[in-house]
Structures are given as C-alpha cells and as structure tokens.
Amino acid sequence: MFMEKYSFEFEMKVRDYECDIQGVVNNANYQHYMEHARHEFLESLGVSFSELHSRGIDFMVSKITIEYKRPLHGSDRFVVRINMVRRGAKLVIMQDIYNLADERLSTKGEVDIICLKDGRLTRGEIFDEMFNDYFQTEE
Amino acid sequence: MFMEKYSFEFEMKVRDYECDIQGVVNNANYQHYMEHARHEFLESLGVSFSELHSRGIDFMVSKITIEYKRPLHGSDRFVVRINMVRRGAKLVIMQDIYNLADERLSTKGEVDIICLKDGRLTRGEIFDEMFNDYFQTEE
Amino acid sequence: MFMEKYSFEFEMKVRDYECDIQGVVNNANYQHYMEHARHEFLESLGVSFSELHSRGIDFMVSKITIEYKRPLHGSDRFVVRINMVRRGAKLVIMQDIYNLADERLSTKGEVDIICLKDGRLTRGEIFDEMFNDYFQTEE
Amino acid sequence: MFMEKYSFEFEMKVRDYECDIQGVVNNANYQHYMEHARHEFLESLGVSFSELHSRGIDFMVSKITIEYKRPLHGSDRFVVRINMVRRGAKLVIMQDIYNLADERLSTKGEVDIICLKDGRLTRGEIFDEMFNDYFQTEE
C-alpha cells in the first residue's frame, strides 16, 4: 500500500479566479497545482531545471492521468502529496490532492516523466541518481 | 480503427500567453483546449448545460488521461478532433489534437464523463439519447 | 505620503506556469495576484461575498490601472501591499507588489470598486461602514 | 473623435473556463484578450518578436488601464478593436472590446508600450517606422 506514505507534501489554498461557473476549481487547474507541487519538490531537493538544461538534460511530461473525486471550492485549503516509482524509462509521480478541511481525497494524479539527453530519450538513469531515496516499491 | 474517423472537430490557434518558459503550450492548457472543444461540440448539438441543470441533470468529468506527443508552439494552428464511446455508466470522449501545419498528432486525450441526476450517479441513459448517432463501436 | 504605510499585505510566490516565453510573469497574472490579495484582505475582515450577495449587495471592479516597473521571475517571492481611499462613490484600492528578494517595487496597481445594491449603483456608503479604519487621507 | 474608427479588429469567443463564479469573464482575462489581439495585429503586419529580439529590440508593456463597462458571459462572441497614437517615447494602443450580440462596449483598454534597444529605453523611433500608417491624431 505504497500510497499511504508520501515522500513530499505541499500545501496551497484555492484562489477564487481558479474556480469556474459551478463554483468549483476548474479541472485544468488541478494540473497546475500538481505541476507547481512537483516544482516545489524539485526545488526542495536543490534540482535546477536551468542547470540540468545547460547540461543537455530535459525532463518532460509524457502522460498524465487525473481522477476527480471531490471538487475543491473557493478558499479551500488543500495539500498535494507526492510519491514516485520507476517504470521502464519513466519516472512515475503519484500526486494526490487532499482537502485539508476533512482530509478527504479530492483528486488523484499520476504523471509520467521522461528524460531527454541532447534531445534523445534516455533510459532514465538520472532519475535513479536523483530520486533513489524517494522511490516506493510497487507491489 | 475507430480513431480514424471523428464525429466532430474544432479548430483553434495557440495564444502566446498559453505558452510557458520553454516556448511551448503549458501542459494544463491542452486540457482547456479539450474542454472548450467539448463545449463547442455540445453547443453544435443544441445541448444547454443550464437547461439540463434546471432538470437536475449534471455532466461531470470523472477522469482524464492525456498523452503528450509533440508540443504546440506560439501561433500554431491546431484542430481538436472528437470521438466517443459508451463504457458502463460513462461516456468516454476521445479528443485528439493535431497540429495543422503538418497534420501530426500533438496530444491524445481520453475523458470520462458521468451523469448525475439530482446529485446521484445515473447509468448514463441520457448519453444514449443525446449522442447515439455519434458512438463508435469499440473493437 | 500615504503609499508608505499599508493597511494589509499578503505574501505569495511565483508559480512557473504563470511565466511566459520571456521567463517573466505574464502581465495578466499580476491582476490575478491583486485580485487574490484583495479577497484575502476581505476574508481577514470577515467579509463574505456570498453573505453580501444574499443581501443584494455586490462589489464590482469598474477600472484598473497597472504600472509595470520590474518583472517577477519564476519562484520569486513577493508581497502585495494594500491601501485604500474613498473617491466619490468609489472605493479605490492601491495594490503595490514588491519583490521580496530586494524589496523593490515590481508592479503598482490602482483598482476602482463600485458597490451595487439590487443591481443599482450606490454612493458607496457600505464602504465607509466596512473599511473606515483602513482609509488613508489623500493629500 | 479618433475612437470611432479603428485600425484593426480581431474577433473571438468567450470560452467557459475563462468565466468565474459569477458566470462572467474574469477581469484578468480581458487583458489576455487584449494581448492576443495585439499579437494578431503585429502578426498581420508581418512583425516578428523573435526577429526584433535578435536585433536587440524589445517591446514592453509599461502601463495598462482597463475600464469595465458590461461583462461578457460564456459563449459570447466579441471583437477587440484597436487604435494607436504616439505619446512621447510611448506607443499607446487603445483596445476596445465590443459584444457582437448588441455591438455595445464591454471593456475599454489603454496600453502603453515602450521600446528597449539593447536593454535601454529608446525614444520610440521604431514605432514611427512600423506603425506610421496606423496612427490617429489626438485632438
């Protein structure tokens, strides 16, 4: 049950302009939240995209899956909790968003990241170097 | 090969503010494009969300999967092509984005829609009524 | 020199998706920051838009002016500082954004708010009731 | 009455995700519309930002003023109409948004653009070269 412990979490609050006519966060904005939480995670590890890029290394999202469970509303506080595994050449980041008012799951994301070196797909060796301490074992 | 014919398509053009530091469309914006194309499709059928809502009927996205193949850049013209099937209680909308410069696939989306009646999950009967002419047979 | 003391401030951090091709925050996003800071200010006063709305009272932005001095970049920490005066029927909110790295002014906003009661423009009496403690004297 | 004839216009349609809880276009999105219309105008003239940039020339927004008259709603068709004058070192672009349903003014924008050459403010000579045919006389 690797989803029960998380490697990193980042707290945020819904801004009203992120909500749509239904008064809930627009679906695409959860993807923004997840992206920002990933960047905060990398920043916490001291990873610099620009430094990587200058060495010819680029991370790219190749696929994202988001399950929408319970919508967030204006001013809701929430937390994005992050976990990760390695699958083939990919780094797979699980990102679950919980509403802090009741600790219930709002949104469940899974993001596949690939690594390019000089524009060519790598086997993801750099993921092992960078994130080895954070990997969960898939059961 | 149901993905080769589409029921609906909607053309758009990348706006510069939709691009991020890498000069390509930010990942979350493809979800915006897909949402807008779905709404244009419904509008073309004369479906009114507010009229449905007043009868207690609400469509909701329960899951979305997006595969990123080739990024779009500022000012690129593209088309969102739409197809759909029924699976259990769900309406599954396939939404493929093609760059019009070369007709190559940019992004591949699959969106699960559920239907609530008075706040309770339905078996999706209304999807059959509304979209029957548009369903593809899954092989 | 009323701009030198502020009634309220709210700290934020640039998210990468808010930046555009030039690597700086897209101009429209400063308006989002200002809107969010205003809502945080109102929330800190216990003002509820929905409660006001249920009494027939609506606040609306009638005009906004933004001067762009120094752009914010990805991951920059900044603070939105707020001040306000009354002018005729309007509440005028000054919102200055400072980069926290060097305390230099990034963006200077001035937002005119009008108050409608049952859809008709009021003289802004409610602004006096709600924000009297916060007004600066214009010199 | 220079505002009565316009040099350029660009038609768009409100996308539902651009609307907020009130069911109207969020204030910051009008700024996005205006930015996109300016870029379409420049594109229509064959102006390339990247080509300019490679010659050390950069256009920047130094100030924007927007008056909000009548909100746009989901699916509204509208047009951004553009005019421009020279004031000192600045190019001032007037951008008025009209709802196409009734041709009434929705939003009135005025955008000050400055021109940098190798990072230093110019007197705006390049504006005269590029846009001379489009200037209105201020009365």
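So that you can tell them apart, the chains are marked A, B, C and D in the order they are listed, and the count of residues begins at 1 in each.
One rule holds in what follows: contacts are C-beta pairs under 8 Å (C-beta built on N, C-alpha and C of every residue); 3 or more make two chains touch, one makes a residue touch a chain.
From a predicted model like this one, the values you see are computed outputs, not experimental measurements.
If we define chain centres by averaging CA atoms, which chain lands farthest from chain B? Would you check?
Between chain B and the rest, the longest centre separation is with C.
Between 0 and 180 degrees and rounded to the nearest 5, what angle rotates chain A's CA atoms onto those of chain B?
About 180 degrees, rounded to the nearest 5.
Between chain A and chain B, what distance separates the C-alpha centroids? Give it in angstrom.
23
Could you grab the centroid distance between chain A and chain C? Build each centroid from C-alpha atoms only and quote it in angstrom.
Chain A and chain C have C-alpha centres separated by 31 Å.
For chain B and chain C, let me know how many angstrom lie between their CA-based centres, rounded off.
36
In chain D, which residues are in touch with two or more of the other chains?
Each of 16-17, 26, 28, 32, 35 in chain D touches at least two other chains.
Can you name the residues of chain C that touch chain A in the complex?
Residues of chain C touching chain A: 15-17, 32, 35-36, 39, 43, 75.
Please name which positions on chain C make contact with chain D in the complex.
It is residues 27-29, 31-32, 35, 60-68 of chain C that touch chain D.
Within the complex, which stretch of chain B touches chain C?
16-17, 19-21, 23, 26, 28, 74
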